[in-house]
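Dropping the structure in here first, questions after.
Per-chain numbering from 1; labels A, B, C and D assigned in written order.
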Amino acid sequence: MNFGQFLLRRLFLMIIVLFGVACIVFFIANIIPADPVGAILGGNAPPEAINRLKAKLGYDQPLIIRFGNFIAGALRGDFGVSLKTSNPVMKDIMNYFPATMELAIVAIIISIFLGITLGVLSAVHRNKAIDQFSRIFSILGVSMPVFWIGLLLLLVFYFKLGWLPGGGRLGFFTYPPPRVTGMYLIDSALAGQWDTFKEALLHILLPAFVLGYNATASIARITRASMLDVLKQDFIRTAKSKGLKRNVVIYRHALRNSMIPTITIIGLVFGGLLEGAVLTETVFSWPGLGRYITTGMLFLDYPAVMGGTLYIAFIYSLANLIVDILYALLDPRMRM
Amino acid sequence: MKRSFMLVFLTVLIVAVTGFAATPKDTLVIGSNTGIFITMDPAVAYEVLPNKIVAACYAQLVNLKAIDGVIVPVPDIAESWEISEDGLTYIFYIRQGVKFSNGDPLTAEDVLFSLKRPILLDSVSAWFLVDIFGINKDNVDEKIKQIDENTITITLNAPYAENITLGILSNMFTGIVNKDVVLANEVNGDLGTAWLADHSAGAGPYVLVQWERNNVILLEANPNYYGSQPPLKRIMIRDVPEASNQRLFLERGDIDVAWDLTPQLLTEAKKNPNVVEVKVPGHSNEYLAMNASWGPLKDPKVREAVRYSINYKEIVEDIMLNNAMLVQGFINKGYFGYVEENPFYQDIEKAKALLAEAGYPNGFEVELITSNTDTRKAEAEKIQADLAKAGIKVNLVIVQSSQMYEKYRAQGHQMIIAGWGNDYPDPDNLAMSHASYRANQLAWRNAWYDDYAATLCEWGQIEPNQDKREQIYKDLTEYWFHNGPFAMLYQTVEFWGIRKEVKNFEEAAFGYGMLFDFTKVSK
Amino acid sequence: MEKTAKVSRPFMDDLKHTAFLWRRSRLTMIGSVIIVIFLLIAAFAPLIAPYSPVEQNLSIKLQSPSWQHLFGTDQFGRDIFSRVITGSRTALWIIFLVSVISGSIGIIIGVTAGYFGGIVDEVLMRITDMFLAFPSLVLAMAFAAMLGPNLTNTIIAISIVSWTTYARLSRAEAIKVKSQPYIEAIRAAGGGNLRIMFLHVLPMCISPVLVQLTLRMGTIILTAASLGFLGLGVQPPTPEWGAMVSDGRNFLIDQWWISTFPGIFIAFVVLGFNLLGDGIRDMLDPRLRR
Amino acid sequence: MELRGKLLDVSGLKVSFYTYRGVIKALDGVELWMDSGERLGVVGETGCGKSVTSLAVMRLIEQPGEIQAGKVIFNGKSLLELSEENMNRVRGIEMSMIFQEPRSSLNPVMKVGYQIGEAIAKSKKMPIKKTYPEVREMLKLVGLDPDRVMNSYPHELSGGMSQRVMIGMGLATHPKLLIADEPTSALDVTIQAQILELLDELARKMGNAVMLITHDMGVVAEFCDKVMVMYAGNSVEYASTVELFERPLHPYTGGLLLAVPRVGRTDELKAIKGTVPDLVDPPSGCRFHPRCPRVMEICKENRPPLVQVEPGHFVACYLYGNEGEVKENA
């Protein structure tokens, strides 16, 4: 089963998984005992106005037809029109998703860098100060709710110290860079606007750290465990017997081997990030897909919630596929 | 449009200090949860803050002004108007020489197009015209006509009091849009509503320059405004969903106005010398309603017992921290027909006695549903504790507002905490909704099928004599107090935290929450 | 002078050795002490709590920690110390139910998939992937919204979202055990599939799943807190740590204690479960027992 | 104290492991020595501490093991007193090691050529890329086709091939001493012979001394010049291979030889009664005394020192009139 077949099989599986997710999403959206039209019209609207709008939006068609339209649309990338913003959901997603993606990418970079360093240090200096610190740090990461940590850091770094900005993607009066990818860091770099880049970076640090905190904790734990495992292997003893310096043994030999289980965790953890965005974006007023779905949830804006969730599931599966490919590249034993 | 937009931001860029210092002199920065906004199309907009933005961008047929504490309809695009003898037809004379923000002249044709648009669009706010005035898609052409190039007539289905008609016509949906620009941006027959969601084509003091959803709304002064130029060149509304964040930004000076603070956050923010509290009487109310067709609540005595179990003073003082007015009638303070009386207070013995009389000596169990905002949750827990003292065991169900209204409209609730925001500044709007089940509004939802009250409401609607009309509403309120399905908690107070540099914000905000005149604010 | 060899029965020796290991690793000791304290608090909550956790007393609202009110009072004047103590019962109840439900769903699906393999494995694993790919918070929000917001529905919502990890774990274990020679022996001796699965394969999966469960018990409370933050969690006035942290967030700046003390208790319990989980894993891991 | 071995002299080496079960006194005063170019066999039952000795000489003892006492003089340097850096200058250059499990001793994610090149690059202080020609030479020397093996990964090689790679890696830096820890026990018999032959031929050509650690007396007979017999962490007998096979002095060595099936032997194989002692609390005096057929009272109290009873033949046993005793470490 060469690489091509491996890829094909995985893509096929991904489509099935996404189809399953679409069914779950559609099932949930239509079973919730509340009608979206009422939500849009607000409290005061009389029943007649509601029924008129319901008919107009085709909510009175039987379930099966609506499901068929939804799936057909999803394949074409058209999730219908959002009840709230009244533009096609896909347009909204394209508008909001880069913000979430940028946040997730910076978060994953921070958590990989921090997570692996902490993991390696605590494995190499087992049960010493750094090990205890990193375990407490990861325990805190797993035990405190995201919004609590977010508010606390905002309070300290923005309100009391004023080192970092309060929220949002850019300063209130900075002009967003010309849109290429929708990610301000990349767009401003491409356009050479370095002060906007600096400002975007300052704005993304805190939310990315908070979003990535949980991921950092998990990566640190896994790296530590797999590092301890690898350091016990025979080939480490061989490397030492070749008189290689300690750091060379750790970073050239041990680290590369312990990367393999860590990579798989990064795939899983990335999923957690996309979903953690829902809370982090609210706390840091970050106009991303997470908030689009939550506000959609508040308004039972079915098309938006269905489209957004399906899109996140798609990105999650894609990320996992990439991780598996990385896994194969890193571990020669996997390459048949 | 694009060019001016670039120009504006370039100037802002040059003058911009880093994000941490105070906001620029010529811009008012408001922090608010814009996630809940839907559209800025005058024919469709239906929420609190968006209505105020629409009011700033569009001139209307008739407008409202607060003159010595009372809201009165005043001329705007309609320079003057006359009413036919039978009270059914209103003739409006259109002001000449008014220009839209892009310089086109505003003609009667634009007014006709703008008045018909909500009906043709089946828009949310169209129910005023359709369900009250009886103007619908079929008869719209003969009900709203253009007589000559500066006169428009509107014919109603009943001789409503002038105050009611003009109150309704001063709503957002009569915002005058530039017909040519709107039709130029029409997309498959939507009368330009998608384009107008985040653009403006009106003649108001400001122009909607940009709306990046969940991020920022920017208004800019309209150079062609027929009135005087507003002191502030720009209004910027930043999306800050978390109330506690709004407070941090306010105290740091990154925003000038925090729009959605909770009473507690405002009390804390006030301690900062740079922050000033602004309070203005609001136009909506907050009530506990009981489904008059469910179990024990069928019996008026039980409803009376519930009304005597609640400690209204503590709700106003401890939950709302005096950001509310103790008003127990359904007509708002500051409206014609307001009744000064507040008959209810917490008297547990009396409540228990009433319950015993009604056959429930040791109380009963009831489910109370409400929406999931911090204030509503606090009120629900407070009422749960108060009713428990009288032996009534309350189980709370806190849901999304959409689900709450779903159940409320289907009369599926037992007890509910909700609020009513007025649509037009006339007691009729409150009477019909709170007391007449025939209006299919709140009275109907709580299954209070009381013909006496409903009839009183209809009389009040068409009674020309002011004194008689006032007496009708007085009798209705007395009756409603002791038989209605409601326990009115308070009339809202609009409150904001603002920076001390912002001047005469209170004058701009006065108007029982119906109005917000950005042109009065300066820095 | 010959030293008589100590008579040691294998099981006793094993137990003594486990106890020895237990005492030796300090962290596991701390972990188990924390959990015992947590269980005691939950058990004797009504006795420990000085005030009623539900009764409001608006005259003393928002008081900072003092001797009468160890953790201060909240916006309704309720004693936070009593609410946190009573909250431990809710937390225990949520943890227990979620662990049992998600644990059993996970194991059943995992073992069936691992044991039967082939199509059954493929289908069940794809279903697991579906739930994994689905943003679990949105799923939990949807279920909580659909079933209505109360304690049991929150529990169901969280369980439906968290069984996937256990499914994968028990599947891997089942595959490992299935290939053991002794399973062939039992099958040869006429053991039916069901018998083998429940008597031989299932017990083997218990230990890794148990370890994973203890490690994840912390996140269960967090998911309940996130649901609370989004307004779908446990209904007032039942004190639940997650909801208390989320309700207190608006008071974080000036009345820091409303959010902080329940938060500390969550961290305390999560730390306990994590240390315990690590300890159990080390103990069960054959390699470390030389 | 003049050195018994010009290349390597280990005396009084003591190593213990701190485990949950208690302190295992793995080595309790090991003595062994070698001259350059010499072949020393270190034999004994599994668990007698022969591997630990080799690791101690290379100073590769890790947590929870610890070298308690003793002197290791190698090529004029006292290894136990060297700093970690200086020790690294000895390891892999003057002294290298190959292990029992060849395939798990190679890094699974690195190409074989690279791993061999690493050792050369360190000793010659040049980038690994530049060492590839030399690596190819080495692979040819150990009988492997460089084109195929250079860029392959450990899991793609057989056990025998991996061991050849290990040998290549060990000898690539022309070390003075190669320590081979049971190099053939994991391989099947036919491959064992080839590997031993290769090792013998290369060591002879390059003139490096080889310390061969094994429990297989047959291998010792074929390969080694001198033999050191170890039992429960002590050196009990040292002699030339010929001398040892013909006149084993220590009862344990005798027992060992009787247990080895040899061509032409007809008598029944006899095993040594009892089992290897528990090193957490070893027997007092001579550690072999509980199993020794000719045990005496003194054997139970004192531990006999390793003394030269005949030229080149040392033994630690009171049967041969050795006086004094070796003090137990605390």
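Keep in mind that, in the parts below, a contact is a pair of C-beta atoms (placed from the backbone, for glycine too) under 8 Å apart; a residue touches a chain by one contact, two chains touch by 3 or more.
Computed from a prediction, not measured in an experiment: that's the story for all the values here.
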Most contacted chain pair (by C-beta pair count): A-B
Centre-most chain [mean C-alpha coordinates]: A
Chain whose mean Cα position lies farthest from chain C: D
Between chain D and chain B, distance of the C-alpha-averaged centres to the nearest whole Å: 91
Geometric centre distance via CA averages, chain D-chain A, whole Å: 54
Centroid spacing, where centroids are CA-atom means, of chain A and chain B in whole angstrom: 38
CA centroid of chain A to CA centroid of chain C, Å: 24
Of all residues in chain D, the ones touching two or more other chains: none
Touching two or more other chains - residues of chain C: 145, 249, 252-253
Where chain B touches two or more other chains at once, by residue number: 242, 244, 248, 400, 403
Touching residues (chain side chain B, partner chain A) in the complex: 9-10, 12-13, 16, 18-20, 23-24, 29, 35-36, 38-39, 46-47, 122, 124, 126-127, 130-131, 193-194, 197, 212-216, 236, 238-242, 244-245, 248-249, 251-252, 254, 400-403, 405-406, 408-409, 418-421, 423, 433, 439-441
Residue numbers on chain C that touch chain B, as the complex places them: 54-56, 58, 61-62, 75-76, 145, 148-150, 231-232, 235-237, 247, 249-254
Complex contacts: residues of chain D adjacent to chain A: 58, 60, 84, 87-93, 96-97, 99, 101, 104-110, 118-119, 122, 153, 155, 166, 169
Parts of chain C lying in touch with chain A, wherever the complex brings them together: 126-127, 129-139, 141-143, 145-146, 218-219, 222, 225-226, 229-230, 242, 245-246, 249, 252-253, 259, 263, 266-267, 269-271, 274
Touching residues (chain side chain A, partner chain B) in the complex: 32-36, 38-50, 52-53, 56, 84-87, 92, 95-96, 151, 154-155, 158-159, 162, 165-169, 171-175, 199, 282-283, 285, 287, 291-292, 294-295, 297-300
